[in-house]
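In the two assemblies presented below, chain A is common to both, partnered first by chain B and then by chain C.
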Partner chain A sequence: MSITLPTRRDEAWRWADLDTLSAARTTPRAEIGDAADHFLDLDGPRLVFVDGAFDAARSDPRRVRVQAIAAETAHPLGMHAAGTGWSLDLDASEAETCIQIAHLGSGGESHVPATLTLGRDAVASVVESYAGSGWANRLTRIRLAEGARLMRSVRLVQSAGFVSLREEAEIGQAASLVSIFLGAGGMGSRIDGELVVTGDGGFAEMGGALLTRGEQRQECAVAVRHAALDGSSMQLWRAVAADRSAASLAARVEVARGAQKTDGEQSLRGLLLDRTATVNLKPELEIFADDVKCAHGATVGELDRAAMFYLQSRGLPEGVAKALLTRAFVADAIDRIGEEPVRAAFLADAEAWLAEALA
Partner chain B sequence: MLEINNLHAEIAGNAILKGLSLTVNAGEVHAIMGPNGAGKSTLGYVLGGRPGYEVTEGSVSFDGADLLELEPHERAAAGLFLGFQYPVEIPGISNVQFLRESLNAQRKGRGEAPLSGAEFLKLARAQADALGMDHDMLKRPVNVGFSGGEKKRNEMVQMGILSPRLAILDETDSGLDIDALRTVGDGINRILRAPDKAVILITHYQRLLEYVRPDFVHVLADGRITRTGGPELALELEAQGYGALAA
Partner chain C sequence: MMATRNAEALAAANKKYEWGFSSDIEQDFAPKGLSEETVRFISAKKNEPEWMLDWRLKAFRLWQTMEAPDWAKLNVPPIDYQDAYYYAEPKAKPKLGSLDEVDPEILRVYEKLGIPIEEQKVLAGVEGERKVAVDAVFDSVSVATTFRKELEAAGVIFRSISEAIREYPDLVRQWLGKVVPMRDNYFATLNCAVFSDGTFVYIPEGVRCPMELSTYFRINAENTGQFERTLIVADKGAYVSYLEGCTAPMRDENQLHAAVVELVALDDAEIKYSTVQNWYPGDENGKGGIYNFVTKRALCQGRNSKVSWTQVETGSAITWKYPSCVLNGENSVGEFYSVAVTNGRQQADTGTKMIHNGKGSRSTIVSKGISAGRSDNTYRGLVRVAPGAEGVRNFTQCDSLLLGEQCGAHTVPYIEVRNPSAQIEHEATTSKISDDQMFYAMQRGLDAESAVALIVNGFAKEVLQQLPMEFAVEAQKLLGISLEGSVG
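And now, the complex of A and B:
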């Protein structure tokens, strides 16, 4: 496929690891693991995509449909995610929870679109896992009608390669979208989101934790746009960077003219495990209404020395004390996941990453 | 048990301890009193092994071993406990998780088997009960949102769980009301008043010493011990102030 990639001269892509993305497109095919390893023990639909192709034999899609989907977006990477993908359509008051999707890459590039359309007061939850290698490129479009609620939990645990996710959502009146991402693999990543609160009293949340080490680079670039009254939003991101790696968090809140009583909260925090690592933070607020509340905080630092000594003085070796404090830092973001077993699995992934990074 | 000999220490090039010597035997309670800035907290941190506190001269042996050669966690496993003047708040880590991992790390260091979750919880609850701390506070993040008095009580619960041989308690009495002071004093006696244990109480005031009777009272001024006496010395200090006695 011929794809023109964005360049780092473009402000929105200046921290992007496009070299790793390019290299991942041509990585030779390798063995992939067992899809079952990436499913939690939850009853619900299960879908397996191998190198972007639906694997019907290992899937149980139930009411999730696999079909051709057009990539209707101007996003420079998302626009390439057209073809066969998955979609969920729920009518009013329907519920479909614990949908699990495993994306396994053996190398090369894969592009999969998805749509989630929830009718009035419908409820859904989706857990996605990215494993293997290669470039996984995804476009997910979400539309929530009045009172609909969607919880998305996405973990990036590819051992190598690159994962680029583009998420576009319209959140209707009193509807709620919570999307939490964990980058705890060896791949590069770009998590790109544009959430628009179109109905009064809607809630939009996008956040998560990016953990980087070695020469790895991961980033998120997320915008929440409030276009209606009484909306609220949360962007809570945590970045942990070790060695010579870089994690970048760019998050924007836009409040349109007339979107009064908006309550937007943004918390971007970075933790450097080594002085050679980098965390970039770019919090942005763009407010065109006068009666709004937008709290924001952005900090980068090292582990608190007083806390380190306190833990060590009680008998914890330095490495264990570091791991405990770092875990607590990351848990802030993972705790936003509403479903306990999913939260526990994601925390376990983060802990496994920490155990290796701090070894 | 503890033998401090001509200890000199500095922070960022500033000399704080200037030739401090002190011997603590098993079964003894020592009180160290002195004006602000005399080096009392520094002594605690140096013995605990806090980074940034540099020993430039002298020696400290604990049960015959060179204490200064040990990492902070090794000192804890050897039986040393440092009660903090300002216990640190640690969001995201529960008291129970922190203390169980700490105790099991110490046990591992001593070649003992780890305690199970149930065994640990039983121990933790018993210690919390003895110090009048609500069980819910065991589940809460370490010291987060605790009042000054609750933090000090939590230090004593930690000490009860870890059961050290030598505790250095840095102004454990500050921030406590009269009832809490009695509870904490009783806790110190219960946990540490034993023939094989010892305590160093660092304090400004005589009032804790009414509950925990010291065998020795030392005056620490300008980085060294300038006077040593029995419990009556604390009363004398309370009456006359440090100015008259420190010199």
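And now, the complex of A and C:
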């Protein structure tokens, strides 16, 4: 497939690792592990995609349908995610929780679209895991009707290659969307998101932790757009960069004209473990209404010396103190996951990463 | 209540530009349009040496291959660079030594510009006043420089840049284009090719400049783009405070202003650069008004050097301006204090860059954006820490104040850190003038406009208090005038 990639001259892609993405497209096929390793012990639908193809034998989709989906987006990567994908449609007041989806890549590129449409007061939760290698390109479109609630937890644990995710959501009146991402693998990544709060009193949250080491580059470029009254949103991102890696967080809150009483919160923090690592932050606000509360905070640095000193004075060796504080730093973002077993699994992934990076 | 106030706001927006006057003085024009001929004309007009002409021509050829930047959050109508004059010189008397000799009409214009009272007192012969040296740029040519003698006694060189090119070619050549390279950006390159005049300041080693230096820019001829070039070099241990203030007459045609300001601070030197900018912002429909596309950058080259930018931006239809500091010196310090006010249909995209290359370098950014009417006000900034820069500290605060429902306030900060010992903090808030604040101020006897002025001045005080005294007064007045009636 011929794909025209954006370039780093484009302002929105200036920190993107497009070289790794290009290289991942042509990686040779390699063995992939067992899909079962990536499922948590939860009762719910399970879907396995191998190199973008649905693996019916190892799946139990239940209400989730696998079908052809068009890629209706102008996003330069998301527009290529057309073909067979998965979709969930829930009618009013229905619930479907703990949907688990494993994306396994053996190399090369794969493109999978998805749609999630929740009726009034419907509830759903989805856990996605990306493992293996190659370039996984995904487009997820979400529509939440009045009062619907969706919790998404996505972990990127590919050992190599690149994962690019594009999320587009419309959040209706008093509906709530929470999407939390953990990048704890060896791949490059780009998490793109555009959440639009279209109904009064809607809530949108997108956040997570990106952990990078080696020559790795991971980034997010997400925006929440408030187009209705009384909306609130939260963007809480943490980046930890070691070795010569780079982690970039770009988050934007947009408040449209007339979207009064919006409360948008942004917190971007970066932690550098080595002097060769890079953290880039871009906490952006675009505000067209006067009666709003939008605060953002951004910090970059190393671990707090006072906290380090305190822990060491209580008898903890330096390495343990460092690990403890780093874990707490990352946990800020992961703690936003509502479901206990999912949160525990994500924290375990983060800890495994930290144990190696801090060793 | 709301409706009345909106009507008030509308009435204020309709108010004519208070300082929109224009005076007729014979001008010597370069042929209209932009070509190598224009560049040669300007250079010949200024009796420039060969190297300067070559430099200009190189820039012009480069500029032709470049494209105007489009990343700013601005809606810039296409500019026809061929439909403007690039050089206009008032037919001044020869050999002007002091302001007394200046064309009375020019003096009258200065008076309307409100050259500080100190200056007028000095002109009138009052002794013992604090001195401010004024290098007045009247449509592209520096027609008078006062206090030259006293400055010379201190060893300070304060000249128009064209004089400096003739008199101190080595000094100018050493630093011109070193802070803002020729190929830096579209507008800077254009300036390199056609800059008309500007200011050159050199403070020798260990000298504290005995007075504050100031320049008044003023765009006067119709369809004349102004391309100022300022170069300030503070040698080891030197100190200088420089004020730049601007007002411009009312015009229908859009006027382009693409200045370049370069500052160099060597070891232990300090430069304080203050700007009050009040160019014509266009009428109530956004027609006319100045395009202000300025490149300002400081090189803190020496150990412990310091550069402080303070700006109060109330004018111009479109502002594209990012006064920056390249902090190369160990323990060097960069500061940026800004108040940007937009009203009517104004658009401002302004901010700063702090590039930390030196160990222990520190920077402070305080930006206050105030939007009213149907305007857009954007803060765009970059804080970058190089891998070798240990112990860098930065603190950034961006506050926005929105007056009314039709305006926009945006914040686009970039933070790029490559050294773990850096401590970077960024905070931003967005607010409006609350009803409680207005109620309190008004029940104490203030009318709505004074109340707004009071609250806005309080919002911007961290920046205003960085300004030298005479500028602070002017700036407070400007804020009040710019926002009259815009709150409901």
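To be clear about the criterion, the second predicted complex is superposed on the first by the 359 of 359 C-alpha atoms of A that agree within 3 Å, B and C clash if a C-alpha of one lies under 4 Å from a C-alpha of the other, contacts with A are read in each partner's own complex, and residues count from 1 in each chain.
Basically, a residue touches a chain if its C-beta (ideal position, glycine included) is under 8 Å from a C-beta of that chain, and two chains touch if they have at least 3 such contacts.
Here the structure is a predicted model, which means the values were calculated and not measured.
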Clash or fit: how do chain B and chain C relate after the overlay on chain A?
fit
For A:Ala306, is the partner it touches chain B (first), chain C (second), both, or none of the two (neither)?
first
Using centres of C-alpha atoms, tell me the angle at chain A that chain B and chain C span after the overlay, to the nearest 10°.
80
Pick one for A:Glu72: touches chain B only (first), chain C only (second), both, or neither.
neither
Looking at the overlay, what does A:Arg314 touch: chain B (first), chain C (second), both, or neither?
first
Tell me the contact category for A:Ala331 with respect to chain B and chain C: first, second, both or neither.
first
Per the contact definition in the header, classify A:Asp60: touching chain B only (first), chain C only (second), both, or neither.
neither
Hey, is it chain B or chain C that touches more of chain A?
C
Contact-wise, after the overlay, does A:Glu215 reach chain B, chain C, both or neither (first, second, both, neither)?
neither
Overlay on chain A, chain C to chain B nearest C-alpha distance, Å:
14
Can you give me the overlap between the chain B contact set and the chain C contact set on chain A?
none
Within the complex, chain A is touched by chain B residues 48-52, 71-73, 75-77, 82, 84, 87-88, 90-93, 97-99, 101-103, 105-106, 109, 158, 162
Touch list for chain C against partner chain A, complex
71, 387, 400, 402-430, 432
Can you check the complex and tell me which residues of chain A touch chain B?
304-307, 309-318, 320-321, 324-325, 327-329, 331-332
Parts of chain A lying in touch with chain C, wherever the complex brings them together:
11, 257-258, 260, 270, 272-302
